[in-house]
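Below are two complexes that have subunit A in common, paired first with subunit B and then with subunit C.
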Partner chain A sequence: MSWRRRALDLGVIVALLTMPYWMAAVGGYTELATRVVIMGLAAMSLNFLLGYTGVLSFGHAAYFGLGGYGAAMAIKYWNWGTLPAIAAGALAATVAAALIGALIVRRRGVYFAMVTIAFGQVFFFLAFRWNAVTGGDDGLTGWRRQPIDFGFAQLDIVRNDHALYYFVLAVFAVCVAVMARLIASPLGRSLVAIRENERRARFLGLAIERRIWLSFVISCFFVSIAGALYALLNNFIDPRALRFDLSGNFVIMAVMGGMRSFWGPLLGAAIFVALQDYVSSRTENWMFFIGLVFVLVVRFFPRGLLGVLARRGAA
Partner chain B sequence: MSLLRVKEATKRFGNLLAIDDVSLSVEPGELRAIIGPNGAGKTTFFNLISGLFAPTAGAITFAERDVTALLPEQRVRLGMARTFQITEIFPELTVEDNLRVAVELAAGHGLSPWLGRAAARGINARLEELLATGNLTSKRNHRVGALSHGDQRAAEIMMALALKPRLLLLDEPTAGMGDQETYDVARLVKRLHRNAGLTILLIEHDMRLVFNLADRIMVLAEGRVLAEGTPQEIAANENVQRAYLGEAAK
Partner chain C sequence: MSQLVLFNVFNGLIVGAFYALMALGLSLIMNLSGVINFAHGAFLALGAYLAYTLIPYIGFWGALIVAPILTGALGLVVERLLIRPLYGGDTLYSLLLTFGLAYMMEDSIKYVWGAQSLPFQAPTWLLSPLSSQYFFLTGYRVFMIVIVAAAVAALFIVLGYTRLGMRIRAGTRDLETVSTLGVNTRLLRSVNFGLGVYIAGLAGVLAAGLLGLSPTIGDNLIMPSFVAIIVGGLGSLVGTLIGGLLIGVVSGLTAVFFPSATEAVIYVMMGLVLLIRPRGLFGEEGRVH
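Right, the complex of A and B next:
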């Protein structure tokens, strides 16, 4: 691995570890930092499929939202603790992804993207309509995240927003480390092979559909953890967390930051979340400005903001 | 027993009869060539053998198994590897990583989230061997998409070879190459055949190459077998001369 990649890793780690302390200096606040990390995890999870397998999903919000609803419902209806609630959300989303993935992996390119939207919207309407269970359009309220009990100590993520940030960061770190490990493994290389040349991959003996399914499920698993954290952060979840425009936002984050670079989607998410926060406090039409930035980035950095680095790192 | 046996294969695309009742058997250790004018159905025939298309009629037996209904990847796992007329590689990856993917799959590590030290050593050793065989050691860290035509072809052949195939299918391995590159690839194919005893079936349009390399030649024209035999027999065959060889045979 090149020194460039190492330096980038180190820079990202230091920036993330210190973020709550300099966020205020650049006009942010701790909750915004937490949101950056969560959306970063979502975008990096999507990128496991998009950047490292070469398959575009426009339906990842469905699994993000399922993770969120799963965690929220586990707390509201069963009084589960924070960690089991996250696991419940992840399990629900992963099972859904496994079933839906099996139905759609034969589609390719834009057709795959279309069916991911279609299946994603099924969950949106389910959450939107099923008032009694999901709270419908108003969202699921009447629950709160719980302090995390380690037996010997308690982590108060309820009122202490620094504690919440570092809890979220710890979950992020574990997820990202596992993804990095997978990408650098024989399994990860076989996925990149599919991205690079499906025909060659098939004639090396790879069962392409099964691998795309696996990559889809892994990617959805991690995005669902981001979704669960998102629900915990807000003490709230509503159907917009499942809607296709959020899926589109994940894609924008990944492409803007650079989908061929490991940290690219995190940078994309940071820019997206910061812009959204800043611009939406001034105008309702914040999406216009995000779109403008997106167009400029794609025009001048076709490989994404970190894409240039990634290319040199790979050589 | 033949390694590969194609029995009365026919492939129809709508009204077009691309392959018409073609039979072929390839013995272990043989280097067989298929020649024929453009549009004779050579590549289609290869696609039937390797499983890209299913034949309209006929049967294909490989290593004493009926593979007619098997998917390409299943045939690969039985020991059938192929290259393509237009090189199929992983252009954005380095030469080394191209081969590494193939070696890891061949070693059964395609699903491993990590590698033990012993497994990694074995894979690296095999990798070095293949880089050396393909004359690619000095270019191992180059992006394969940036290499010359001949080196890309060598990388593709090495990826196929990494699978330790029982049968190697080469579709016009010297297509679009200059003299030096053609010579290099021919030498490589010869080496694989002579030294490693590999069974090879190749499509080729370069006559000199085919007559030098092949043990036996099959001539296809308009989807049918025009002739079959040793290079000498083929060169002497009047039908072949009329249909295909023309001036080149004299």
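Right, the complex of A and C next:
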């Protein structure tokens, strides 16, 4: 590992650990910091598939939302604790991803993107229409996140927003560490090989479809944890958390930050979340500016910010 | 009961005709240029709003002709300035760009025409029911089916029997070879994109007369259009047409028996098609993944 990479890792870790303390100085607030970490996790999870396997999913919001709904329902209907609720959400989303993944794994490129977009809509309409269980268009209310009981101590994530931030950060850290290990593992190496040259990887005897499927499911598993955290943060979840526009936002976060770099999507998420927060507080027409960001990124920064920096560094 | 079923089948056919019309435009662009035009729904909405503004000046019939042409012209500009530089690159970028464009266009429409829905006046003589027993058979609905059928027929004639259509079909198979034969493929892609967007604009004017006018009018049509393409088979325009009509009718029938699944059923259908016949009903195996 180069010193440059180490310095970047260290910088990210320090920035994340201290974020609630300097967020106010740059015009933010603790909840915004928490949202950055959650969206960062979602974008990094998507990038496991997009950046490291080279497969474009435009429907990740479905699994994000499923994670959120799963966690929210487990708390509302079964009074589950915070950690089991997150696990419930992740389980629901992962099972869905495993089934749908099996249906679509042979598709590539345009086709794969289109099928993932379309399948995402199933869950949107399920949440939208099944009023009795999901609360329909109004969202699922009437539940609150609970303090986390470790037996010997209790973490009050209900009223203490710093505690909530560090809880979310801890979950983020575990997920990101696991993803980093997976990327460095033989499985991760083979995924990069598929990205670089699928036909060659097939000739080398790799079971391409099974590996892409695995990558899809892993990616959806982690994005669903982000979704569960998102529901906990807001004490609320509604069908917009499953809608295709959120899927698009995840992709632009990953691309804007740099999908070929490990931390890129986190940077992209931070910029996107901050920008969205700022623009939507300034003008009603914030969607126009978000759209403009998409267009500008594609035209001028297709490699992403960290991609550009890395290239400069290499030259 | 049987009348209710008939009503919903008929309704589904109309909605399906819209899905098909929209999906045909999407398909054209996707097949030749490999671009998923996510802004297609926004172009549809724009066509409808342009017609709304034009009607007081040139009447419904004038707007029906002019609004789609203006929409198509804007499509040409967008293609030239934003999409052309992305040809040959990763699908990811054209998808993201048109996605952002959809945001921008939808918000611009809200800015210019307001976020509330607007009344859209089709000629009154078209709105009265044709038969007292089949009350749902209003003149406008029949008229719409006629226009959609005419547009689809015209499109297939252009594609099947004109030099332009031949080049588009050939380019879908192998653009490089078409290029080496001396065809200006940049121009071909531009015209093709404009044609696809023109169809979206036409669908917009017609849809506004039926569904009313709101900035999100295209949003509700674009997803089913993707499904129509997948069910019909990527790369086959006939498949896209039939796929659109089929999902329209299926979702119309579902509205009778299980109303809350009206939207979801088409995605279930898509899942079944992918499971049983992954290439889609009319897709050719091996050509497009």
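Quick notes on this one:
One rule holds in what follows: the second predicted complex is superposed on the first by the 300 of 315 C-alpha atoms of A that agree within 3 Å, B and C clash if a C-alpha of one lies under 4 Å from a C-alpha of the other, contacts with A are read in each partner's own complex, and residues count from 1 in each chain.
Heads up, the rule we're going with is that a residue touches a chain if its C-beta (ideal position, glycine included) is under 8 Å from a C-beta of that chain, and two chains touch if they have at least 3 such contacts.
Fair warning: this is a prediction, and the values are worked out from it, not measured in the lab.
When both complexes are superposed on subunit A, subunit B and subunit C end up sitting side by side without clashing. Contacts of A:Arg200 after superposition: subunit B is touched, whereas subunit C is not reached.
Contact with subunit B, but none with subunit C, is seen for A:Leu187 once the two complexes are overlaid on the shared chain. Contacts of A:Val14 after superposition: neither subunit B nor subunit C is touched. Superposition on the shared chain A places subunit B and subunit C such that, viewed from the Cα centre of subunit A, they span 80 degrees in steps of 10. A count of residues in subunit A touched by subunit B and by subunit C gives the higher number to C. Contact with subunit C, but none with subunit B, is seen for A:Val122 once the two complexes are overlaid on the shared chain. In the superposition on chain A, A:Leu103 makes contact with subunit C only, not with subunit B. Once you line the two complexes up on chain A, you'll see the smallest CA to CA distance from subunit B to subunit C is 11 Å. Contacts from subunit C toward subunit A in the complex involve residues 30, 34, 36, 38, 82, 85-86, 89-93, 95-97, 99-108, 110-111, 223, 226-227, 229-230, 234, 260-261, 263-264, 267-268, 270-271, 274-275, 278, 288-289.
On subunit B, the positions that touch subunit A within their shared complex are 50, 72-73, 76-77, 81-82, 84, 88-94, 97, 100-102, 104-105, 109-115, 141, 143, 156, 159-160, 163. Only residues 181-182, 185-187, 189-190, 192-193, 196-197, 199-208, 314-315 of subunit A touch subunit B when the two sit together in their complex.
Listed in rising order, the residues of subunit A touching subunit C in the complex are 50, 56, 58, 100, 103-104, 106-115, 117-119, 121-122, 125-126, 128-130, 244-245, 248, 251-252, 255, 285-288, 290-295, 297-299, 302.
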